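Each of the next two complexes has chain A plus one other chain: chain B in the first, chain C in the second.
Moving on to the complex of A and B:
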């Protein structure tokens, strides 16, 4: 039996319009870590090997390419590394379920303002924050990794819709150039 | 007529545009209204009901008359206010609501029929004969009704939606708004300043004057420059705040591209949702007309509009202007016109004690009682005591005082307060939490009052935000506002209140006379305030006339409710991006491209797109393909993508206990490596969903749900967990998107599956095992939804497309191939398996013959409710199979042969049907009263919609392999 060919939802495409760039990202392995009642200590011990701690709600912690992102009550996604042996938590592979898009550039925050009903400007949503929110009609996790750098995690099956909506927002914003008061 | 040296238009940039097929020239900065007036075009539209000639009345968004259609490459937009539409090179507009040309509108005959067309005309006239309604009256009324026309095509223009957040939202950029924005902006607060017009400054741009030691225009420019330089201030011009909603949310419509030629991707409009901690309503005030006989001729305008056209656009709408006004403020326009060299024929002031010292004739204690001029004003009649004076004039500027723009303060049900001093409604404080009305919007009509109240509101917001600032308030005029309320001049003829909907003072009096004395009833009877301007020009005057007619005071009469939006908002803007496929996200399978490559038509299943069937050359209908695919599964092997089924990974020491609680049957006893079918009830005892759950480890299960209920079940599990057993050792998460899963079914299924596995496995029926496929870890389930020996092979999603293409290729070599949703449906009906067509939310476990699956040994969600009387028994409709030799339909109803067909004799209904190539008959699943006791009986199936009337045999729902030998093979 020959090896199966692996494909991402968007085959790594990228697009620059105006001052923002959209691209499908490869963030490596994604593992859901859901802490059982009373499991917090054991989980903390298991995460020590990565130098990570469970993140506060609506935030993420990062160390040496490993990232732990809050995604719900007593739940976080470990990204970029294989999950170590963890006592005290349910561990579920989520790698293939998500398509991760990076949106970067000076216009990124204005693009997101077209689709996300949240204040994502820097003072309200600083670097290191992560939220579960909506991208138009879709559930997403949005991570802020830099002043002009976001990651948007959406369901893999909806990747084309997410791409389309972001692209449309980018193009409408770029077409406005010079039309602001 | 254009006046040299006046106005804020850019005379270096001429613009050509077209109106009603004729080319005109204007300048950048003109509105369509100002440019038409500059070209001496006074007649711009016809009125709604009487088709009276109409001209521009105002210079703002409240315009009731000058509504035009703008024709662009993607859109034909009706009811565009010419007073708001900026001219641009190539703009094409046309007048509306006419039959024939604008000058000779054939429907103007309505005006001569006016004595018959008073308020309530429709209600009284079209009552009889009844038969005439559909054939004659309705088409006639529909032809005559409505204002603009639509293209009848989809709106393919580009629209945008967006969200914004701020500390302080300032609505309006007149003196009060600029002062509030400056105060909050200098304090460092996050400010959004919205201005409806394309230029900031509000009335300061029209009325001039001085602020501090600067001319008003210079002060505006300096404040705007400072605000623009502040990084914490965002200025949104051409943006109308249209509604105030809960929690400090405001709707706003921005005209992004409507003032320039269309270009790709440039939104026409953007609908904003702005969330503000504090809001300052600085929307100014609207000048109100006076009702007198024939006060609607082109050339009769609001005094403030004449002033705006003069000072902002350098346009005078006439050569001999008259002024009819009851305030001192309005006199300014006459003086400015004279200073610009325009003749002012007379000032008519109804106040007997008003000053008569002006550089033109002044008639104090006088009223305009009539006008003449067919397509435009040529003269007026003035009554002064017993004397009637004829005055020749082609432009009458009128003013009956001002109404504060209080609309937004009423959007959350706040009622305004009547001020006797101002003879106007003013906002109630706190009517919208967090919103403060200032300046003219709050009844402070002087520039000084505007600056002071704007500053105070800005300061209040700044302090609430914990900031500090000191901003001096510049000096400005503080003229007292002194008027004699004048709503309507006594007279016999028709005097217009609501220009847009053709409502006269007579109509309001008639309403009162006929018993519609409440302001809400009067509004509906006369349609006053129900036109595109929503009564901005007429509400207060109409209720004043009503108050007079019913012998009550205005405060006692009260007003109607202002609701959002303040100005019309296009549905296209509110639903931006949502047209056609934009309506909902699209979900695509990994096999999507492969299925399309093979010519499969895709159908929507929820948000998913799934292949219906895979046509082969020579197959003319879907049935031919479907029958072949069914046979191929029954005789060889078929492959179908079933990744859309919901998959939920459940872990923890209490995972089995949790499943026992949500399923009717027991899962804690399921051995590792085995799969069990499970039934789930809602709390009310009706069936929620069915599916299989596999035990992957001691504390590890994988639940599958139907495609339709995947989200519903996840939500249900979350609710049960959080509400009833939050402390249990159980955690679960959706893995629907993580796995691509393919059904492989048929006598050759095992051979096909094993050809893919590194180590072949011999799974028992309802077994599960980890497998390796081409170096990839996967899972193999032996389950069947077809009645054949069936497997489901799951791999991480990224390998889905490859596995599907490889599976199909091998299946074809073995005499099989892919099968689509149609064949999948036939296969399951033949086997009597249910889907959400059967478990549609009104059936119980008993109805579908699964009452034995509700374990007696344990409790579960829905169990108690399922034992209520009426939830089980022979009186209920029970699942049966139906067999017929003629086509039958889902949705048909069942009757006892020989009885009458009506509601009372209904015995049940059909949920799923198919032609079964296996059985060689039409098969159906349906629900029949006491059905399980009636196997072998005949029933009559009737479908009035499709004209079917067929005798069917009632059968066991399992037609194919009832012993289950094949799937256990």
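Moving on to the complex of A and C:
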């Protein structure tokens, strides 16, 4: 079998408008860990080798480049590392199905406010939270990694649409901020 | 309108999909009389007041929720997950 080269959906492009920067990130491998009923103990044992535990709803845990993000009831995504041997869970590779965008800068939260139907300001959505919600009409997972740093995980098939939505919101916001009344 | 998902917390109505009355959770047993099936499939109450219905958190945690709300005052009184409920 020939050696195939994996490409990301947006070839790592980036864009700065006003005070926010949008970029595609390569987060490495993404593995879904869906715990079977009664499998929690075995999964906890398997994750111990990475120093991780299953995250609480709406949150993520991180350790040494390995990240575990809550994505549903009894389900989390392991990112950045290969998945260790896990008993008690359905483990599936999701790497090719997702595109991860980073949105950083002081204006990031205002950009997202135009597209996401929930409060993402710092008091309501502190660092270390991860939620499943919508970006306009697309289902996404939004992670907060810093006061002005978000990651948006969307379906790879909708990568360019997500980029377009965010770019439009960034430009509208920059235009508004540049307008004197 | 906002619903408080037991997993995700308070979320906007546009994240949810409405399915129908709580009756869908009470499927008749096999061999139940026809009248019971008729009731299950077709007959619905139209209460003015507290009602229970099923919603799907399609843009969130993908869980079915049993929501208690008041059709007169529009109050949302609570939501519980259908998964894990005692039958």
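Here is the rule we use: the second predicted complex is superposed on the first by the 172 of 181 C-alpha atoms of A that agree within 3 Å, B and C clash if a C-alpha of one lies under 4 Å from a C-alpha of the other, contacts with A are read in each partner's own complex, and residues count from 1 in each chain.
Everything below uses one rule, namely that contacts are C-beta pairs under 8 Å (C-beta built on N, C-alpha and C of every residue); 3 or more make two chains touch, one makes a residue touch a chain.
Computed from a prediction, not measured in an experiment: that's the story for all the values here.
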A:57 touches, of chain B and chain C: first, second, both or neither? second
Touching partner for A:97 - first (chain B), second (chain C), both, neither: first
Contacts of A:145 with chain B and chain C, given as first, second, both or neither: neither
Contacts of A:118 with chain B and chain C, given as first, second, both or neither: both
First (chain B), second (chain C), both or neither touched by A:136: first
Which of chain B and chain C A:40 touches, first, second, both or neither: neither
Residues of chain A contacting chain B in one complex and chain C in the other: 117-118
Interfacial residue positions of chain C with respect to chain A in the complex: 7-9, 11-12, 14-15, 58-63, 81, 83
Residue numbers on chain A that touch chain B, as the complex places them: 1-8, 32, 34-37, 74-75, 89-98, 113-114, 116-119, 121, 124, 136-138, 155-158, 160-162, 165, 168-169, 171-172, 174-176, 179, 181
Of all residues in chain B, those that touch chain A in their complex: 158, 160-165, 200, 228, 235-238, 256-257, 260, 263-267, 273, 275, 577, 582, 584-590, 607-608, 649, 651-652, 727-729, 731-739, 755-758, 773-776, 795-803, 806
Footprint of chain C on chain A - complex, ascending: 57-58, 72-73, 117-118, 131-134, 139
